[in-house]
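Chains: A, B, C, D and E, in written order; residue numbering restarts at 1 for each.
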Amino acid sequence: MEVIKAIPLNHYILLSAVLFAIGVMGVLVRRNAIIIFMCIELMLNAVNLLMVAFSAHHGDGKGQVFVFFIMAVAAAEVAVGLSILIMIHRNTETTDVGFLNKLKF
Amino acid sequence: MKALLLVSGLGFLGILSEILNFKKFIYKLSIVGLLAAIVVTFLEWDNPTPAYFNNMVYFDNLAISFIAVLLITGLLWFLMAESIFENDGLQSDKSTLVLFSIVGAVCMVAYNNITMLFIGIEILSICMYVLAGSKKESLGSNESAMKYFLMGAFATGFLLMGIAFIYGASASFDVMEIKAYMSNSPQNIELVYTGIILLAIGLAFKISAVPFHFWAPDVYEGAPIQVTALMSTIVKTAAIAAFYKLFTVSFGSQEIVWSTTLSYIAALSVLIGNIIAVFQSNVKRMLAYSGISHAGYLLLAILANNAAGGTALTYYTLAYSVATIAAFTVVANVASVKGSSDFTSFEGLGKKNKLITISVIVSMMSLAGIPPFAGFFGKYFLFTSYLENHSINLVIIGLIGSAISIYYYFRLIVNLFKGESDEVIPLSLTSKIVLIIAIILTVAMGIFPEIMNGGW
Amino acid sequence: MTHYAFYFLSFLAILSALMVVFSKNPIHSVLYLVLTFFAIAGHYLLLNAQFLAVVHIVVYAGAIMVLFLYVLMLLNLNVDAEPKNKTWVKVAGVLSGGMLMLTLIATFSKAETQALVQKDPSIGVTANLGKILFNDFALPFEISSILLLSAMVGAIMLSKKEAKN
Amino acid sequence: MKELVWLVPVLPLIGFLIISLGKNYFSKSIAGILASVAVLGAFVISLGIFFEMNGLHGKAFTLVLFDWISTGDFKVNIAFLVDPLSSIMLLIITGIGFLIHLYSMGYMHDDEGYAKFFSYLNLFVFFMLLLVLGDNYLLMFAGWEGVGLASYLLIGFWFKNHSYNDAAKKAFIVNRIGDLGFVLGIILIYITFGSINYATVFGEAVNLTSNMPVITAITLLLFVGAMGKSAQIPLYTWLPDAMAGPTPVSALIHAATMVTAGVYMIARSNILYTLAPETLGFVAIIGAATAVFAATIGIFQNDIKKVLAYSTVSQLGYMFLALGVGAFTGGVFHLMTHAFFKALLFLGAGSVIHAMGGEQDIRKMGGLKKYIPITYMTFLIGTIAISGIPPFSGFFSKDEILAHAFQVSPLLWGLGVLGSLMTTFYMFRLFFLTFFGTFRGTEEQHHHLHESPKTMTIPLIVLAVLAALGGFIGVPHVLGGNHWLEHFLAPVFKASEVFAHGHKLSHTTEYVLMAVTVILTIVFILFARNKFVSKNYVPSTDDSKLTFIPKLLTNKYYVDEFYNTIIVKPLNGLASFTYKILELKGINLLVDSVGKLVVFTSSVVRKVQSGNTGFYILAMVVSIVVILIINLFNK
Amino acid sequence: MITTALLFFPLVVGLLLFLLKGETVKKVALGASIVEFLLGVVAFVNFNKGNGLPQYELNIPWIKSLGINFHIGMDGISLLLVGLTTFLLPLIILAANRNSYKNPTNLYALMLLMQFGLIGVFTAQDAFLFYIFWEVALIPIYFIALLWGGEQKVKITFKFFIYTLAGSLLMLVGLIYVYFQTPAPHSFSLTSLYELELTNGTQSWLFWLFFFAFAIKMPVFPFHSWLADTYTDAPTPGTMLLSGIMSKMGVYGAIRLLLPIVPQGIMEWGPLAITLAIIGVLYASLMAMYQKDYKRLIAYSSAAHVGLIAAGVFSLTHNGMVGGVIQMVAHGISAFGLFYVVDILVNRTGSRDLDKLGGIRVVAPNYATAFLIILLASIALPLTSGFVGEFLLMAGIYEYNSWLAFFGGLTTILGAVYMLKSYQKAVLGDKTEISDKFHDLVLQEKIILIPVILAIFILGVYPKPFIEIAEPAVKNLFSLMSITIK
């Protein structure tokens, strides 16, 4: 697959940066915890993509292996995050992050 | 290494206890196990072959000291937290999570590969997210877990981004290889810069340094007291140890990149942490802010960028952890009787509760950094290590912070002697043991500050 | 051709990512996210990371997103019931997100201009990855079990209903 | 005998210690006897020393007891210097002191603080002896402040009465003002000469030239001390108030001995003063001014002791006038004669008061002559002596002073004579109002009138003899004497002779001056007699009828009020301002506001922690962006 | 050896006291302090007066990696202050005996710990050790004031603690800085710090770091605002410790650290420091004049005296320095005495308000006499303890600047004003209701006052032994300074 040569590494970096920033933006503008979780997943995926690109660039498999670990972590986080969400929903009937502001100052 | 395995095993035992129905013993088992782990750890001192598993982990003396700090803290924590392992169907879950979090912390301390660091951070974080929410019916606990999780996961994103950039530049996750790469005038300077900064941000979040500290007060306040104790000791110790290793070993030669940023973060942490702590009415929250300011002090060790910083860090984290555990032990006991951990709950306790009084005095003075208690030497070592090759400005800010901190630490002491009260706070045997050990350790470390200065 | 594929996938990923953020219905967000994942999987394929691409689809689209959907259904959140953020919060969010993007772009726009060259196209092959994973990364791999285990224990602990006494 | 000089101060000290520590263990009469014996012992030794000194022709002798303060090049011993000046002072102090002790045994007989009184008297004698015996300025200063303390204790002897306490306090504080000058003077001496030993200082001073600023400064500072202790303008106000103490105290401390310490000090430092003619001029002016000023006040006082007090101030002024015109011998001479006749007058006044049952207002006395004849006679002698009628002692000493004053400036002489005439007038006014005319007191007092007991009259008689004849030790050459005192003291003043210049008066001038003075004095006596005996004038008790000048003088020129307005009140105001405004509203507030600022900042900054996760994350992102941007530009 | 004993004996006993209960505590504490005093006497007797260098040394490594040694020893100045501490403590303990404080165990233990800290400060020969003891001494007194203080105790002790601690933190900065200036391996030992040759610019700012710490402790104007409240509010034993001994720590610190380490800084800023000290003297005297509360009055008078000591020390003259050292001892004794007689007053009458007191001499002549003697010592009457030091101080200040001496000397007048005024108001006058509650000194009070009065006269009449002890150390100090002054 020689053709890929045409694409500068830079573009991968920019692509992940954009995806990452979109994820961040999502976290910032949304109040629904589930959507926020998803945006965080998006951020992690941007990182994954970057890792794979670097891995390919260096011709080094470690980057891809690292992506596995990120996936594992993502899965674990989602599991825990969603169970927290369920727990909260059970107590408060809401998934609104803005609702959680009793602890302050 | 053995300690890592031992504690992991203990964690698995915790799960097994649920299945095999020996929940009742898991608490005592954990304590015995941790004791054994401490012994085992010390046996590994001056390990001739510190690297294990293809350089994944590296148990040199610094790591071992940190592990010792973690395990001692963990042991003290188990002793103080006896009450959360009672009358609750969740004790095996909790002990498992705590033990696993210690495993994660050990990984963070002994890592020699960023993968291990990352996984360690995540193990620790996930356990903490859960533990923060372990008081399921309490809204505070729920909120605490949610906030912690949301922000933790969010910060993880930045951390990972940083790792990715570093990998992109150096093509490696190995601490030593990155070090080699960094010291030979790296190309891809943008990747290096951004990577280091993002890593710093991610780790600063973990040690709750300003401006990434927002989670800490709310989470500390909402979480069950015992969990807060765990968060403010083990998490902080592990994170700062990881931070130290990464930045002084891997990025030590690129000090110019991160020193300014971290200096500002440290200064802000010290000032803002201390200043906001002044106005708190809840002791837990006050300790959270104090924890933020201590994060600032801890950063000095990283900024020092030398071996003395590491030594200072081990000393400081132990001193800080011991004093914090003692403080939380008292807070937990008082709160369980009085129903709240506000300052007012402590009023008049100085009259009839000798042990509590002495513990509060000793731990608060140690946290405030007043000689001859351990906290003073901790700060002192940090400052001197920093001053070995840096100017004095940051130290002065640290001292200003110290002066402010006296205000709120002493407020607790003063509260003990306010008003008249004959109330006696019952202390369980384990709490007493914790307090006595903490007092002895805090004083002994002050009198013999060299005990932590084994050569490495 | 891959050239075009790259830009198409990039466009798709960014667009669907934006849709994730701005969809009003959570279900739609989930579906857009799945779409994003597919686009990213396409990128993996372009980068010769076939195994990873598959795992990616399986884990993210297959497991994680299903979990999301499941929770959405469980909590009956499929309607747009999210309270609106204040406008300035949204503007601030978008602005700071945009600033982050711009900063990163500004940082890297001149960074690595050389084209991405696959030095070793076979690294993405399962066997190679397996070698790395089970030789060098054996310990992290094992420790991951603890991660997953604790996540499991935690998830169970938090989501299980207490017996009211 | 001179080796026993240490016993002279130590005997009264022992007396003081025994009485003050043991007064509960023995009867009070023993206390009086013990005290008197101690002073008598000192007197006997002093006599021995005096005769020895007379035989030695002024060869000084120093007895070093031990190191007091010695560090670096600053060395001060507890050491006693015996020379003509100190030996004569010893005699005056112990002699008159003994007589007054004796007198007090009668006078204080019924007082509940009898033993305490004697212990204080002994303490005073001890300090006074220390003052004159010290061989250095610091030891003199120790005695100087010590007598101040004794004076404080004795003025406030009847401590239940707050106005007495006020007087005591005033005496101490005004003295302290002078003492500050004295201390600074001593320090300056030390800095200039490297020592404060008389021997060293005077030895070196001889080699100095006249008119050096530093010497002027030293002498002025020392003189400030003298102003306080010897009640000169402007620091004299404490002395009239000091009459609050028991009368023997007034006699001993506030007339005969302590107040003359300033004179002694300047006489002792004569060489320094001679080197500073400007200071001498100043001393003379102050002395003359005080002499006249106090005398004018004396004319209108109606309290028997107050009259004597102002007379004392006035007479002290004479002594300083003497010193100021370089007549050191004259100063000491007058010091001595004044000690005799003023002690006599005070004791006589005490006897009168005793007889009157405590009454001190001369307007309520009168005609006492026949009731208390001994007192009357002795008082008459004292009055004549103070007026300067020959051959009573006051004449000789006063004449010597006036003669020297004339030498320097006729104006000073004029002032001196004016003061002297006023003295004559008010003393005879006092005398006539008290002893002549009809009795103006109450019936009860009338019944009570009686002559004082022997212990009181004997000292009166002895002093009367001294007051009458004491002047013969200094009969001037012009009157055919050989001025024994001058010869005796010559070694002390020898050094300053070198610097003294000015022409000797011709005998004719001296005769004229003497004649003028004496005649005028007699005129004034007659005037007083005319007014108070023949016309039976008694000053009104109603002050409101007074015209301007008498009112001004009755109220002592309102000096106390003046000081009160310009010093005491502003000082209190300043204190109040310092505390209430500067301290509480200023420094305290400033310091506290640092703390408050922190708390306030805390209360504001903590609002950032709003509890809103979205905001937290936003803040984090913004921070990250900022950090990245900063690093972007910093690269 | 004897330094070690002097240092640790009170610590050991103090800690043991926490374990005891009841009446034995008082006896043990008193006994221990007397034993400590005897140790002090032994040290005094065996002291080599000719030598200005530290004696009775103990020097063992403490924190090797940072060049910190546990190095203690006493030169003349230390010895005098240690002697003062050991002399006063039995008296303070005895004085505290009469008042029935709650939890006496803790009080006595804290007093002994305080002694430990104070002796530590006075004997430390290592700058770091000095700092440690400096803080250690602060803790017991803080708790004494906090636990047994008056109504405002919380606020006041807080201010006191933070204020003094903030000052000492600055000193710590200075110490760390000079530590890094020592040749590697860095050392904190005083001798190596003394040998430093710092540039003038450095000394200029280092001066302030040290000066603040010491100025607050003394306190020097305008850093005094903690003083009056703390002195007034603290329980009398605490006040005695504070004014009798602790206020000397500041001056001692200046002598031990400030002068020899930054002599050039003193050359530069000494005029300002000495002026501040003199302003403080007058300022405190003026404030004392206004006070109605007797304890507060003495507090301000104490500040005035310490200010004069500071001025004398900063005059950098031999006489000023020796006078300062002697006056530290003398003032310690008279301040203790004054607070004690006032404590008796308060104890019997329940009032410290001068306007409400009076007529006490009628019923208590012995008390009045003792009071007067101590008061006279405080206003520096010759032949009492206050005079020797004050005269030397004045001489020293005069050598420096005559006007300063004049203004400083005004305090002798103002001192007489407020002291005599207060004495008159409190003690003199006719019988009042207050005086009916009063009775004369009892045996225990006599036991306390007699040593004080004896000490006052011994110091006043025969100060030679004390001066002889102080002098070589002072000379040594000056020689150290001249080494460093280039």
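The criterion applied here is as follows: a contact is a pair of C-beta atoms (placed from the backbone, for glycine too) under 8 Å apart; a residue touches a chain by one contact, two chains touch by 3 or more.
Note that the coordinates shown come from a computational prediction; the quantities given were computed from them, not determined experimentally.
Asker: In contact with subunit A and with subunit D at once: which chains are those? Just list them.
Answerer: B, C
Asker: What pair of chains is linked by the most C-beta contacts?
Answerer: A-C
Asker: So which chain is farthest from subunit B, going by the mean of the CA atoms in each chain?
Answerer: So the chain farthest away from subunit B turns out to be D.
Asker: Determine the centre-to-centre distance between subunit A and subunit C, using the mean Cα coordinates as centres, and give it in whole Å.
Answerer: 5
Asker: Can you give the whole-Å distance between the Cα centres of subunit D and subunit E?
Answerer: For subunit D versus subunit E, the centre distance works out to 37 Å.
Asker: Any idea how many Å lie between the Cα centroids of subunit B and subunit C?
Answerer: 31
Asker: Roughly how far is subunit A from subunit E, going centre to centre by Cα mean, in whole Å?
Answerer: From the centre of subunit A to the centre of subunit E is 66 Å.
Asker: Which subunit B residues reach two or more other chains?
Answerer: 115, 119, 122, 126, 129-130, 133, 136-137, 145-147, 150, 154, 190, 193-194, 217-218, 279, 407
Asker: Could you tell me which residues belong to subunit E and also touch two or more other chains?
Answerer: 162, in rising order.
Asker: Mind pulling the residue numbers of subunit A that touch at least two other chains?
Answerer: 13, 20, 23-24, 27-28, 31, 37, 53, 55, 57-58, 60, 62, 65, 69, 73, 76-77, 80, 84-85, 87, 97-98, 100-105
Asker: Which two-chain combinations touch?
Answerer: Applying the touch rule to all chain pairs gives A-B, A-C, A-D, B-C, B-D, B-E, C-D, D-E.
Asker: Taking the touch rule as given, give the residues of subunit E at its contact with subunit B in the complex, in rising order.
Answerer: Those in contact with subunit B are residues 62-66, 131-132, 135-136, 139, 143, 146-147, 154, 157-158, 161-162, 165-166, 169-170, 172-173, 176-177, 179-180.
Asker: Given the complex with subunit A, which residues does subunit C contribute to the contact?
Answerer: Subunit C residues touching subunit A: 1-3, 6, 10, 13-14, 17-18, 20-21, 26, 29-30, 33, 36-37, 40, 43-44, 46-49, 51-52, 55-56, 59-60, 63-64, 67-68, 71-72, 74-75, 77, 82-85, 89-90, 92-94, 96-98, 100-101, 104-105, 108-109, 111-121, 123-124, 128-129, 131-133, 136-137, 140, 144, 147-148, 150-152, 154-156, 158-159, 161.
Asker: So in the complex, which bits of subunit A are touching subunit C?
Answerer: Per the touch definition, subunit A meets subunit C at residues 1, 3-15, 17-26, 28-32, 34-35, 37-39, 41-42, 45, 48-49, 52-53, 55-62, 64-65, 67-69, 71-80, 82-87, 89-90, 95-96, 98.
Asker: List the residues on subunit C that touch subunit D in their complex, please.
Answerer: Counting only subunit C, the residues touching subunit D are 85, 89, 92-93, 96-97, 99-100, 103-104, 106-107.
Asker: In the complex of these two chains, what residues of subunit C are touching subunit B?
Answerer: Interface residues on the subunit C side: 104, 107-108, 110-112, 135-140, 143-144, 146-147, 149-151, 153-158, 162-163.
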